[in-house]
């Protein structure tokens, strides 16, 4: 089943704000919650099942709760109560077609991002909503489907690297960075397909080439729509004076911001390239049509006069003196040859041959 | 009758500002006024007929007057006098082709919005002007036609939910939210038609496909024109420090603002998709023309030389020695076959077959 | 004679600034000056011929001088001296191809607008420069040709309506409002023609359809150019704190500003519609070409093989055994029929029939 | 030789900033310096040859040095030393492909402008760099070639008009005004050619029409590039509080600014017109192709079946009973006629005739 | 091997920020470090191999370290430790597909630029990352490949010119200036190719012309992407009040900023020119197709009726009285000639000949 351009939100229209109702692809299994608590000394990694029973760590430890699956409204509600989240935040977590944004609530920041993955099989981008809630000592990350881009972050946490000595804001940055870094991977995969398509276009364009240009143009459209608002989100994060983010982390966020701009630049370049490829396709179609027409015109121009001449001497009039002349037949053949040669010279003069 | 792109305003040109004259589709029936007054304790729902006799509730109750039908200038005038509205506000309520806007008057805010509905029958969007007047303890909503998107709000009011404990500004927000939420419904319907059209375009494009792409491009144009100014309206509402709107409601308005941006993003994506579909249509028309031309050229190139040859031996010269040779006829047939085979090989080399 | 895109300014190049020289269509008759002086008590309406002899009214009356014809530099100069206008203002009044603008001089505001009229005969817009000078107690309006859009304002002045109780700034607003209101009339006329053209395009497009699309695109171009700068003019007027404009009038000016934005929105929508119509035209031309090519190809593919076959049996070889067989003729006819039927089936398979 | 799009700057790459080296078209003759010194009392006009020996006038006179020819680096250097110009200013004077700009140095303003001229012969715009240096009591103007647009200014200086009573800033304004006024002349010439081209396009388009549309599009491109930055230059001049420019002159500069905006508006209108003309050209080409194809198809459809029929009765079978029937020949002729008439009716039904 | 549009960053995704890993084309040889230390008195030029052993000069000398090769992460790390660079800076130096940017760190500025070179052989632009680190008394420049655009700067340093008397900020400016000056060289080369292509397009367009237009459009796309962000970098450098840059150097930086704007303007002009060339190509293809179609139609229209006529008199009916008339044959020939002349006249009337 193809992706929908517009999510099924209609069920929610008319409901009160803060109504908790999942909007997105339904899932059958239970949401999984993984808690990683750490400080410079050590790390504690466990899975919990009831979001309500979780208690914040004491003594300056940082807690990262990763929720895999936002299709169960009651799980989100329990979590939201535990962390005192605003009803609008809980609603946005459940509505999985949000635009990337950052919102400043009392005691925490709420971020929405799109986590992207390029499916080589279907050659299309899968987009998943990632909600990040950044508090003083905790980070909540909520994703729609199993599998994410955070394995590198977990690895660094386990290995006791720099990140273990930092606060929650740095963890939040690390997650953002992992998401944006993966955009480069998606772009790499896309650009490889597009460059292969460009070669195909120049070597041997076929009607399917056209369909594929359209397909990738559409993918770039969705890609841009998913990433564009992030630019403003990161610009605000690295500029605003939120007490939740330290000056040093702000420096790192500026770096993620630069990467996002870079990603957007590359998307625009690829889009313009695809537009150029479409122009090229149309022009080369037009060129080939010209070639075909020339062949047709040459053939018709060559044989129509000759066939006419043969037709004249095929007429059955009784009084056609030429018919009786002994050298008439070879003479007509020579005349035909001269007409053909004359026409071929004319074609060459017009650069048709 | 098709919608008009430009409303009939000419009757009003030259009139004094504040002249009360209805501009829009005429209606025969009377305007209906429905008053809902409520506080945390209870709710009072009634219909009144004479806007002039209405009195504001006392004791902190919130009053919502919904006027269905703005085609009677005298009704609007009576209402305007009761609520001390500026003549320009009354004029704008009657001129039903206003752009969305917000205006800050002494004691109340005046908002204009477009309430949209997608007619599946005619496959086109119906747009209706909604005027909202937000005072300290009252909200006036004025719509053109019966039927609106506020049933969910009424339901919540009756059921004594959160909204009953809030002030008039929250009610205003709830109405705005209901209107914007319905934009998602319209977009969903439109995008389903557009995606079906895209499938049709790839599988079996016909000339009507083209007309329908044009039709939906035009709908998107009108949709965008109706919603675009709302972006600024909501941005101002959620930023400005109007005393009529509490800080908490401002938070909710920011949410509606985000939804509006999301709607506009989606409109732009759909528009670019439609442009891409038009390009695809043109290209595939061009492709099919190429196919047709190739068939024509192959046929002509194959049979014209052969017909010429047959014509030569159909000439009636007396001295054509070949005619008498016993093996001449089969030889000519073999020659014709060889020419045909040679040409077919040449076609295959050019990838025409 | 067609309108010029660029006015003949070259005569003025190299002249000193403030050189009074009329640029525009020449006229033969004399400029007519009409003076309306009024206050709440009464109104005095007269025509004067010598601008120099005019004296400002005393006692708080408001004076409106309407000058019809700016082709006589000496009239403008006399007027300018009487009202102490800056030389640049007088120059701009005479150069009738100014862009709309507002300039703040000592003691008065100088506004330039375009007064538009749609000529149904020639189906094109006529644009005329209107200069407004707004002082404390007077308004000067200078137009190029007889006939304007101010009859409604004069009517309201005569009838002693609200406007009679207001100051000169309100009169200025009323004139601005009349001009902008008339833009809606022009747009209405244009949009009716464009919608009729759209119907024609879908029902029965002809080459003249194309010329008319181009014509209206050009009109929209000129319309936009004439109105676009007014947006900034009105924005400044309704924001700036000029002592010549009262807070209340500013409110009314905001309304005119909204109308201007609305006009510009509609112009953009119509322009995009015209672009879409051009695309549609091109696509349908392409479609019809495809139809024509298919007919040609079907005919050629059908008859060329058959004619060839007939040609073969028209050859005059002595040794063609088939010619003598009694059933050869009907057999060939049947063969021909079968070839024809086979080809028709092939065409239907390709959806060409 | 055609103009170059990009000037030969490569010789200078890698040189120190402030290196004085002429970049532009070489000239053989000597640079000519003309000095006009004036005050309200009188005027002194002379030519000097050695820029170094020039001394500033005393007693409040204003001096205008016009240098015709910037190809001699030593002349510019001597002048620069005399007036204490920054090395970067001298460098910019010599590099004649600068963008228009204004720079604020200690004691003087440095302006770069493009002086344009439309060559009716070659139908292209010639662009020349004009450097203006505006000091307290002097103006330096440096142009590349003999001949400028300042004759009107010189005339007014000689005749003792208003300009003689003003300071150097007013002279600077007068020169700017003369340059911008001449842009209108260039636009007038261009627009006349473009309108003539438009008539040609509608009446009788030829392939050269296309080349000329492209040519004028290119000219508009260069024109816009030359004038666009001036907008910002003049905006800054009329807003900034430089002590070198009096409040009154600032008023006049605002006027030049308005003219520049007007010029740019007109350029954009002409460009859009040219784009529309290209579309029209393409569409009419497509239309004519359609006409040609219809003629071909009608002819082929008419004669191919008839020729086939004639071919059938030209076959030489011995047993063709029809051949012997006395009325067969006229019957076949009538049949042919009926086929032809039937086809013509079918063509008319399809609106092909 | 063709350039990649998107660099291979995927290896780095998921790594910690500040991970030092080279991203770019691999090299085998060692990085070379060249140190130039100078003051007004003298200059010291040497090559070092171990970045770690370098010590800053004392006594107010300026040091310029040019590193040729950033493919060895350990070299960059050693250098970074010596100059106390932030880990993010070291990471950005190694990731050679950065966007141009400037970042303000404690004690130094970090700049990224693209150093461009046009390869005349492959007719494409080679882009290389240049990192500049500007401290109080030192400048680090790090480039990817041997060979740069700084020979002019080295020359001026050796010759004891002005630059020797200035501080490190002026050296930084001189390097920036050299890079931007070389953009003009690249543009000159590109524009020469493009103008040659334009001549070819008008004189004798071939299908390869189309491919080359596409190629140069793509090059302009990459060029613009490489230079566009520099505009903001230089604008910030010349405006911001960084203590590392003196007021005088700021003046020079403003000059580089102007050059960058000029480069970008020219890129845009060339891009629009290329778009215009593509339109021209398509139109001329369309024109030539029209010509071909006309020839075909003329030939077919001329010979089809004549061949039909010949076919009629080639029929073998026994009762065709015309066949026996003595003057029938010449009469038919004359009839044929008259038909041909009539058709030729009709063609001329339609301007087809």
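To keep things simple, chains are lettered A, B, C, D and E as they appear, and every chain counts its residues starting from 1.
Definition applied: contacts are C-beta pairs under 8 Å (C-beta built on N, C-alpha and C of every residue); 3 or more make two chains touch, one makes a residue touch a chain.
Here the structure is a predicted model, which means the values were calculated and not measured.
Common neighbours of chain A and chain E: there are none.
Where chain D touches chain E, under half of the residue numbers in use are shared by the two copies, so each contributes mostly different positions.
The distance from the centre of chain A to the centre of chain B, each centre being the mean of the chain's C-alpha atoms, comes to 25 Å. Annotation: 41 Å between the Cα-based centres of chain C and chain E.
Shared interface positions of chain B, defined as residues touching 2 or more other chains, are 282, 286, 289, 293, 296, 300, 304, 307, 311, 314-316, 320.
Here chain A touches chain B in the complex through residues 2, 4-6, 8-10, 12-18, 86, 88, 92, 97-99, 101, 103, 207, 210-211, 214, 217-218, 221-222, 225, 229, 278, 281-282, 285-286, 288-289, 292-293, 295-296, 299-300, 302-304, 306-307, 310-311, 313-316, 320, 322-329, 332-333, going by the rule given at the top.
Within the complex formed with chain E, the chain A residues making contact are 149, 151-153, 155-156, 161-163, 173-174, 177-178, 181-182, 184-185, 187-188, 191, 194-195, 202, 251-252, 254-255, 258, 261-262, 265-266, 269-270, 272-273, 276, 279-280, 282-284, 286-287, 289-290, 293-294, 296-297, 300-301, 304-305, 307-308, 311-312, 314-320, 351-352.
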